[in-house]
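Order as written gives the chain letters A, B, C and D; numbering starts at 1 within each chain.
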Amino acid sequence: MVSGGPVAQAGKREAERGVSLGARYDAVRAFTEALCAPLSAEDYVVQSMPDASPAKWHLAHTSWFFETFVLEPAARAVGVSFAPFHPRFGFLFNSYYVGVGKRHSRPQRGMLTRPTVAEVYAYRQHVDARMRALLMEVAGGAHANLKATIEVGLQHEQQHQELLLTDVKHLLAQNPLRPALREDGGEHAGGVETGVVWGAAGTTGAADAARFIEKEEGVRWIGHAGEGFAFDNESPRHRVFVAAHALADRPVTCGDYLAFMEDGGYRRADLWLSEGWEAVQVQGWEAPLYWEREEGDWQVFTLHGMRAVDPRAPVSHVSFYEADAFARWAGARLPTEAEWEVGAEGLAVEGNFAESGRLRPAPVTTAGDEGAPRAMFGDVWEWTASAYLPYPGYEAWAGTLGEYNGKFMSGQMVLRGGSCFTPASHARATYRNFFPPSARWQASGLRLAR
Amino acid sequence: MVSGGPVAQAGKREAERGVSLGARYDAVRAFTEALCAPLSAEDYVVQSMPDASPAKWHLAHTSWFFETFVLEPAARAVGVSFAPFHPRFGFLFNSYYVGVGKRHSRPQRGMLTRPTVAEVYAYRQHVDARMRALLMEVAGGAHANLKATIEVGLQHEQQHQELLLTDVKHLLAQNPLRPALREDGGEHAGGVETGVVWGAAGTTGAADAARFIEKEEGVRWIGHAGEGFAFDNESPRHRVFVAAHALADRPVTCGDYLAFMEDGGYRRADLWLSEGWEAVQVQGWEAPLYWEREEGDWQVFTLHGMRAVDPRAPVSHVSFYEADAFARWAGARLPTEAEWEVGAEGLAVEGNFAESGRLRPAPVTTAGDEGAPRAMFGDVWEWTASAYLPYPGYEAWAGTLGEYNGKFMSGQMVLRGGSCFTPASHARATYRNFFPPSARWQASGLRLAR
Amino acid sequence: MVSGGPVAQAGKREAERGVSLGARYDAVRAFTEALCAPLSAEDYVVQSMPDASPAKWHLAHTSWFFETFVLEPAARAVGVSFAPFHPRFGFLFNSYYVGVGKRHSRPQRGMLTRPTVAEVYAYRQHVDARMRALLMEVAGGAHANLKATIEVGLQHEQQHQELLLTDVKHLLAQNPLRPALREDGGEHAGGVETGVVWGAAGTTGAADAARFIEKEEGVRWIGHAGEGFAFDNESPRHRVFVAAHALADRPVTCGDYLAFMEDGGYRRADLWLSEGWEAVQVQGWEAPLYWEREEGDWQVFTLHGMRAVDPRAPVSHVSFYEADAFARWAGARLPTEAEWEVGAEGLAVEGNFAESGRLRPAPVTTAGDEGAPRAMFGDVWEWTASAYLPYPGYEAWAGTLGEYNGKFMSGQMVLRGGSCFTPASHARATYRNFFPPSARWQASGLRLAR
Amino acid sequence: MVSGGPVAQAGKREAERGVSLGARYDAVRAFTEALCAPLSAEDYVVQSMPDASPAKWHLAHTSWFFETFVLEPAARAVGVSFAPFHPRFGFLFNSYYVGVGKRHSRPQRGMLTRPTVAEVYAYRQHVDARMRALLMEVAGGAHANLKATIEVGLQHEQQHQELLLTDVKHLLAQNPLRPALREDGGEHAGGVETGVVWGAAGTTGAADAARFIEKEEGVRWIGHAGEGFAFDNESPRHRVFVAAHALADRPVTCGDYLAFMEDGGYRRADLWLSEGWEAVQVQGWEAPLYWEREEGDWQVFTLHGMRAVDPRAPVSHVSFYEADAFARWAGARLPTEAEWEVGAEGLAVEGNFAESGRLRPAPVTTAGDEGAPRAMFGDVWEWTASAYLPYPGYEAWAGTLGEYNGKFMSGQMVLRGGSCFTPASHARATYRNFFPPSARWQASGLRLAR
């Protein structure tokens, strides 16, 4: 149970936004299932690598979250005994909450052909029915202390919506048939493509050059405060000294990245961090993940199948090491997360998100006169130069949910902005995503600073 | 294409047995699908370890075998161009025939969520339709040269029927829910249990003591010759000098094996081969595979779920190392394959095979007066003391099918007799099965010699 | 060749300190060999793990550094052809300078029984003779551009003096005989022990409790500037906003750490970062490296053999994960490197360094009235909460020596203050040492903040 | 203690041969040290791979063998308490005798820089002094029961003489300097080279073609019986049925093998066992171990440094897989161990052994008129087609020495004949050497059969 802190006023905010918690619950849960609609039963089961989870597991785990952190405490609070849907699901679908009890080994998640997909959907429906009953009581004023945790559960499910898409993409990419998840092209999806002519001809063009937006030095505030949901790792809002710098007004595109590749970017040790160069050698990297060369042309695997690489679209599926090497090659660097957040101040959280159905980065728009940063949100998560560490004065949520973020604060780098796989309502300027520097299966790109 | 040798007279033999090749094709193919009937779509996909294959892969690979080694040569022989069902299935479903072309990596077989189960069945039906048309022509006297290869294809599919069962068992056993593949108990299945009282009470009994059947020394013939199908590795029939010895009249039972365990069998290094002792230490072996202790009682995972260990049934799922250590503990040894084959001379090939539906070893029957060996066939494959090596004068089949057996003649031990997962018509006295000495996921047990 | 920046005025500084570069060269090189005096020929050769190097390799690599980065450019500068001591030593003793050419594989360093120890010493003498001749010319005003690189070579050799000691310690600790490198006890070595009664009785005591020194918030300057040598990673001097905090006036002692252990520190997942908890499980950590329990008492391996753990001495050979877990258990945290550096401002760089011959942490002194931090320098490197990242505006040295530090700026944490293995003249307040968070074979401890 | 069986009449035999056990002890022990004479202290310490042991370890282990299996029982037999040279050497220098007690981990043997080489020699001298005293008593008739074990100890030390040479060769070969152990060329060493012109010119020739010696089928006796030492694995002498076959009159030479290589031997999957082909791919094999191509010419690393490959010399350092593939390419096969032993009947045990100082295979002599097999003994161990399994009726030696051979009877293949690293008096026709099929660091070659 989460108490206090950033989520305390959740009820008030909902009312202000005019959307009830119950309606949001329904919408989030339905969106998860909508994303799964094109999956075959077979697609739900397989785990393509230890870092990924089967789609079925995501469906069950997010339900287990509500069952464990909301339904069971609610029953206990009124002195009612609680029987979970299945006595062993707590073991199977707990991800990493040591405080809750023993868990199935993560790399073994793909061994679970049972429960079947149908049984997992039955589990979801069971949890949904109980949750809706509870949400009625909450709307009536009961269980006020659980509202914050319910909000966490919804945010948690949105995170798994993104993971589900990236994990399914990784799985399908292992298949030599390179099967498309969705047969519709997705070309016309995504509001950001207005005015852009898409097609075979269009892909030969290039985005306009990036401009650098100057910022003066000074003590700045970053991090979350006030109303609206945020994870514990975004708090407390605090001061940092930010030196004078400039931030590119658009992400690095595939066209930019091809120039790096053609200039020997993957063969020049001097451009790389030592760990990155070792990854290049050991993993045999010579392009972003999912890129394949066919008769001289670069193709990329997407959830709509193999596509020509679009030079105007932000480059995606690069590791931190690749982002860092590109920046060095370009005579620039990655921004710190403080620089990124300062750069995002005042911008609307709009862009190419999961709802568009495009599910791959869209070509960047042409810069307008106002010189505002383009595509800060959506398309690709942007690697920063900052290690994922606690903010000064950071305190993890109380109780078992304190394991949510804090214990992962080593060995990872911060990414900002959300991607084409992120639900739109999940993105915000203070959001700190984090992955190991070698990770490539997320929709991760970069923006330059200097 | 297989030419000459042991399979040349296949057509003649069929006629003698009164079963047409076409009828046998239908029966074998149907039995494969019958074995799959209890599988969920999810069960078909997952690969539980690199040595195992998904059920779906078995279904497709056996069909690819007919498509590649029968249908395509048949088309070529009459100058007709041949289009396979799918242009990439040759890549996906070739197992290890280097001569046929490149293959999908074996440990990646579980990544293939596509083709779906339904598509694989469509593939089977496509191949079946073509095969039936061809078999009609064969029955009419055409394509006589393909009859031997068709026979190999049927034997090959029978081998995969056994592997399919052992692989599915291994997969389900990884699941903490220990799900049963079949909900019926299987207790009354299998003809060998006549007169045996099964049940909680019955399992407390023990089989009668093994008797040793004496054999005099001499030069003996072993190996296959004459009519009837045999694999190349069973030939040529040849002479071996067999010293005087005695062979136990029944396999080692779970009751025998429990005595070994209770006497510290897994803790006494002096009983083990060096490699075996290392396996005990590194793998943490302390009982046969699939045995679990619950509150002091040993249970065993079967395709019908968890069951009490039956002391009267042959012990199964032990490695060669365990078989060897047990024999040393018992003051005996494993028989050589020549001793085993001499011991099986003249016996009817009868026992607890896959058709019984029992799918686990049955209690051994009480010895009769005639002193004949019991349960030589079915129940469990019996580890021998013989390495899997070519017989003197061995020649692999001609052509690509020469890769079938010969290239695996290193690092493995011979097993004899067939198991509860083997189709009855697939077993014979000269049959040489082979697995690495550490393998435990097959239904492998032992019989003593001295 | 290093040009410009922090080392440009090296000549001037030497003159001010009254020590010529030549005299320092002799002193540093001699100290390396003095540290090796107790080694047997056998001790010089073996590599105990991929992260460690044989003592012989350290001796040769530091000589190669001068040969490659000083002697060869000096010869080239005056148009003289240059022949290295041995044509293959450049391959064998280059560590990681990709720009210099191909290198022997790091994990294979222990395979090199040849050149022998005697040959490596001959190599050193050869380089020394040439360097002394060059240093005479430098003293006379020639080769002014090489002075900075010579200074780097000396600092580099000092780093390897510490690594040599830690690597030899790790090697000897692998030996079940737990051999002492030095037979003298080292008890009376180290100036910091004045007034402390050492011995069996003495070790039962405990250090006085740590006091926390409060610091106000504000923008502070950290990093190196001005005269005196510093590595490129200590620059540029720059501003950071430091929040109000308190820093402990002494390191965490073995006595403190024993309390953590006795309170189940290694068994409570909630105290650990996720990666740390995995290390505890996989590596089986239950005490600092080199600690062994004998009949209930904790002993620790030192370069003087096994010793009783001294509760008053700073705990050493703990990983970042252990330091972080201890801090969480203690209700505190690790300081950032900025906090540490601010805390060290104005302190004399004094402490228990390698020259003392003690080669293990000394008991902390009793706090004085003035409330100054104790043991900030020497004894143990102190893990900070800061990832090893470039300072804002960081620029690597020009040329090949740019590989010295910059390319390691990922996946590591910063440590501060120097240890009992660090040469005294090598320590300074701005020095940024760095190791992966799992590393334990360095003399690494911690100090609390909050 | 060894009792009974093949070694029981050791004393009698010695007398017949006119060499006392004491004199043989001195000779064997001295030969070990003579082989070590060219080693530097550094060469003694390092372990180049888990399968190899440091030279120092061999020196100590062979001494520990006498201390443990002879000196201690001798003391106990007369009621005298026994103190080993060092209380921990039993732990450090026991190889694999589980029955004796716990042992240092094999892959860690290279970590032991202490005891130093000098201390190990002191250990040897200590054991030698005690053994000589005991041997005097034995010569006087006492301790008759220990004579067999002393003989085993001498044979054991001879085995380690060979291993010491092969392990040192492997170690030096890891060094990019490719250092020679012995600076003398060794060209004129070895009695078998009489009449052969050696040199740059001579190496361009080829050996005369192999002739095949026909053998009729029949029941034959193989194995050891009668007087003279033999290991337990050579017994009992027993009958085997050997089919008609032919055995080549000389080993396969480097010239033969080059033809295989030039014909694409390492690129044709159809020539290889499946495990062998995997080794080719994974290990990147393209020539025998120690062969290196320099500007088109094949060189080979020897204990005398890099040498041109001699086409007339037996090929060495090939695995069983390579031997098997070569035989298949040549349209032949490897002989069984029975065929080899039958072929060696009546031949004098003469050839190029370790005493010659050549330490690499010598060119085969030209065939004489009598058609006798050439080079059956010495030069290279010859892989057979036989797995290393117990002979019918095999019984391991009694007591702890029963671990000597029997427990390794799985996963290995038999080699026959001895090599250029084998002491001459250690070879005999019934000797069964054994190594895993992938092993290449022994002096292993082959002879064809068909």
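Heads up, the rule we're going with is that a residue touches a chain if its C-beta (ideal position, glycine included) is under 8 Å from a C-beta of that chain, and two chains touch if they have at least 3 such contacts.
Just so we're on the same page, UniProt names per chain: A, B, C, D = Ergothioneine biosynthesis protein EgtB.
In this text, all values refer to a predicted model and were calculated from it rather than measured experimentally.
Novice: Count how many hops through touching chains it takes, at the least, to reach chain C starting from chain B.
Specialist: 2
Novice: Please flag the chain sitting at the greatest distance from chain B, going by CA centroids.
Specialist: C
Novice: With centres defined as the mean C-alpha position, give me the chain A-chain D separation in Å.
Specialist: So the centroids are 61 Å from each other.
Novice: On a C-alpha centroid basis, what's the spacing between chain A and chain C, in Å?
Specialist: 39
Novice: Could you tell me the distance, in whole angstrom, between the mean C-alpha positions of chain A and chain B?
Specialist: Computed from C-alpha means, the inter-chain centre distance equals 48 Å.
Novice: Each pair of chains that touch: what are they?
Specialist: Chains touch in the following pairs: A-B, A-C, B-D, C-D.
Novice: Per the contact definition, I'd like the list of chain B residues that touch chain A in the complex.
Specialist: Residue positions touching the partner: 40-46, 48, 56, 88, 91-92, 104, 108, 110-117, 171-172, 174-177, 179.
Novice: In the complex of these two chains, what residues of chain D are touching chain B?
Specialist: These residues of chain D touch chain B: 96, 98-99, 219, 238-241, 243, 269-270, 272-277, 320-321, 324, 336, 385-387, 389-390, 392-393, 402-403, 407-411, 437.
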